[in-house]
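We just call them A, B, C, D, E and F in the order they show up, numbering each chain from 1.
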Amino acid sequence: MATLGLIEYKDASPEVRAVYDDIMATRKTDWINNFWKAIAHDPITLRRTWEDIKQIMAPGALDALTKEMVYLAVSVSNQCGYCIASHTAGARKQGMTDEMFKELMAVVGMANQTNRLVSGYQVEIDDKFRTSK
Amino acid sequence: MATLGLIEYKDASPEVRAVYDDIMATRKTDWINNFWKAIAHDPITLRRTWEDIKQIMAPGALDALTKEMVYLAVSVSNQCGYCIASHTAGARKQGMTDEMFKELMAVVGMANQTNRLVSGYQVEIDDKFRTSK
Amino acid sequence: MATLGLIEYKDASPEVRAVYDDIMATRKTDWINNFWKAIAHDPITLRRTWEDIKQIMAPGALDALTKEMVYLAVSVSNQCGYCIASHTAGARKQGMTDEMFKELMAVVGMANQTNRLVSGYQVEIDDKFRTSK
Amino acid sequence: MATLGLIEYKDASPEVRAVYDDIMATRKTDWINNFWKAIAHDPITLRRTWEDIKQIMAPGALDALTKEMVYLAVSVSNQCGYCIASHTAGARKQGMTDEMFKELMAVVGMANQTNRLVSGYQVEIDDKFRTSK
Amino acid sequence: MATLGLIEYKDASPEVRAVYDDIMATRKTDWINNFWKAIAHDPITLRRTWEDIKQIMAPGALDALTKEMVYLAVSVSNQCGYCIASHTAGARKQGMTDEMFKELMAVVGMANQTNRLVSGYQVEIDDKFRTSK
Amino acid sequence: MATLGLIEYKDASPEVRAVYDDIMATRKTDWINNFWKAIAHDPITLRRTWEDIKQIMAPGALDALTKEMVYLAVSVSNQCGYCIASHTAGARKQGMTDEMFKELMAVVGMANQTNRLVSGYQVEIDDKFRTSK
């Protein structure tokens, strides 16, 4: 059970409802997932986190699907169960196919492997890689 | 300095040279970065790692640029200095612009933040997210 | 289920009971949580871990509440479910209010975000920060 | 060298200078550390990160020193060199003494140890800890 | 539930069955654990991962038991629940006794502690340790 | 530079010297590495850490070489530069050959890869693995 419990829409203060409304409108859904209901106990964190996510995840130089897959990749690397479940759903909603998911996992797994080979063999950064840009 | 030192092309055995040659041919470059020279002390690991990377990083359901950016995202999340330097270069080579890099970092940072909010608030997985596919 | 099972007080050897007794006396409780019952299979680790914790968590230059919140912050950062649950309880016992918990989580989340922005942008340490003390 | 280089005050755009000015005013210093100069290439991330930090790190239910020490604890746990250097300086500025630093490190080290004993022994969460609040 | 579900032997394609058969023959068992059934949705990853594991985990300069215990140590350090459960079983099959398990956990816990003391105190590498070999 | 500087033998208090003497006697060397000199600012942590390490790393159900390799494996997984350098030296002193080092790195890399495949595919623990012992 969430540490402070979950705040449902019907029990929410006006300021929390305003964020919930914006989440549902932005995501074109009538549903709020547990993450928001858990941090709603801290309305300042709720608003700040939502505003940040809305800004960061909006399509820009990277499209929304790529961003969701990167979010999933990081969550897998950190082994955060909730985040993996929610961002797998998020990425699917943006169009991630089974084939894309499988290739994504292969890259994430490989990166975690070579990250350790690099540190274990104490590999120094090549001069070519040190040059900015 | 790398634990076992670096094996340069001129000092490499035929089996190591064969991998180096394939790396340079595949990547259309005449240059081998330190990672490969460090693990070349273990020719079996060198070959296996290269064959795996070649297979995993080839364009498929995900294009090569997306894969390099995911690789970079994981390396940043794991805070592996060498990997960040080399995969920033790799992603740039595949076409990552400054704008893409900046948005990528924003997503990686945000994912690392919310991963901890989720765990700290002990958020349970929503039933909707539990349904496979 | 714990790998080796849990050792209850009634089934414990005298040396394990002595540690259990000290835990209960120090914490002013009549209850032993699962962590100790699980590692009690290794009485040397049980005693060493308890003696270390008792020494480290005692009020000193930092008060007991601050120490419990730092312990919780690290456990959240590592995403250790059991540790988050037990040290949330521990911090509450020392006086952590809901407001303190919420601010603590905000700091932990933010630190995890900027840790990755720093590594992703490959920021070098300022000379000012290099000077010891 | 930082991936995109560092943006000095004299070379900064008005929007970046506005953030720099606020950082210096808030912190009562005439100096900007490299982190901000590195992410200034992305003025949106610069502003968002600074606004978030300013809000989160302001004294509230937790005082500024406790927050800096928690930030440091997380950075140590994540082994982020730059972050450790900068938040050690930040915590000292808020009044962290050598004695406090040493006790902080002892807690961080111990938490990282027991986090793994818990996972290695596969300890299940006690029912008592499951009850919210 | 696994993201893509589990592929049982009776429902598997010939190429997946071939890997399953080799796993059972190599491990002298008539049972396939969930990990393989989950990644079998990606037959290329299934085959590559199995071939890599078979090569890496075969006795060589290190015996099979040592390798399984190292695998377990890494999984504990990463706090991967499934991996801890499966490699605890794997190590036991290779002969890990309760006494060995307990000492292994003590080493893993200690390493995680001192890793953070080192980073927190910002310890520089001794010249003696920099010399390759 | 270490946060609090390094305490050399000639500048050490009697209680610190006593630990240094025991380290040198136990390890049959006339040299103290930086880790101990850095934490010597906190004599209690110095003594506790050394006593714990001496107890944990002594040969028991696992020999000293296996313990050093596990320590190295964890340090590589955590990507702690100092720890990798010092425990590579430590393992070599106990007899780790180049061949053993290479196989160790292969196992560590593979474990980090499959740890993420497991979490990404959300694999549930098999019932067979849930049974204690």
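Rule of thumb we're sticking to: a contact is a pair of C-beta atoms (placed from the backbone, for glycine too) under 8 Å apart; a residue touches a chain by one contact, two chains touch by 3 or more.
Model, not experiment: these values are computed from the prediction.
A.B. asks: Farthest from subunit D by Cα centre, which chain is it? Let me know.
C.D. replies: E
A.B. asks: Which is it for copies subunit B and subunit F: same residues on both faces, with over half shared, or different residues?
C.D. replies: Both copies, subunit B as well as subunit F, present different residues to each other, with under half of the numbers appearing on both sides.
A.B. asks: By the contact definition above, name the pair with the higher C-beta contact count: A-E or B-C.
C.D. replies: Contact tally favours B-C.
A.B. asks: With centres defined as the mean of C-alpha atoms, identify the chain lying farthest from subunit B.
C.D. replies: The most distant chain relative to subunit B turns out to be C.
A.B. asks: Using Cα averages as centroids, what's the distance between subunit A and subunit D in whole Å?
C.D. replies: 21
A.B. asks: Let me have the rounded angstrom distance from the C-alpha centre of subunit D over to the C-alpha centre of subunit F, please.
C.D. replies: Distance between chain centres, rounded to whole Å: 27 Å.
A.B. asks: Where in subunit F do residues touch at least two different other chains?
C.D. replies: Those would be 1-4, 39, 45, 52, 77-81, 85, 88, 102, 104-106, 108, 110, 112-115, 117, 119-122, 130, 133.
A.B. asks: Tell me the shape of the graph of touching chains, choosing from line, ring, star, complete and other.
C.D. replies: Drawn as a graph, the chains make a fully connected set, so complete.
A.B. asks: If you look only at subunit B, which of its residues touch subunit D in the complex?
C.D. replies: Those residues of subunit B that touch subunit D are 79, 88, 98, 101-102, 105-106.
A.B. asks: Mind pulling up the subunit C residues that touch subunit B in the complex?
C.D. replies: Spelled out, the residues of subunit C in touch with subunit B are 72, 76-77, 79, 81, 84-85, 88, 104-105, 108-110, 112-117, 119-122.
A.B. asks: Which stretch or stretches of subunit E touch subunit B in the complex?
C.D. replies: It is residues 1-5, 44, 48, 52, 55, 130-133 of subunit E that touch subunit B.
A.B. asks: Name, in rising order, each residue of subunit B that touches subunit A in their complex.
C.D. replies: These residues of subunit B touch subunit A: 1-4, 31, 33-35, 38-39, 45, 49, 52-53, 56-57, 60-62, 66-67, 69-71, 73-75, 77-78, 80-83, 85-89, 92, 97, 99-100, 102-104, 106-108, 110-115, 117-126, 128-130, 133.
A.B. asks: Looking at the complex, which residues from subunit E come into contact with subunit A?
C.D. replies: Listed in rising order, the residues of subunit E that touch subunit A are 3-4, 39, 41-42, 45, 78-80.
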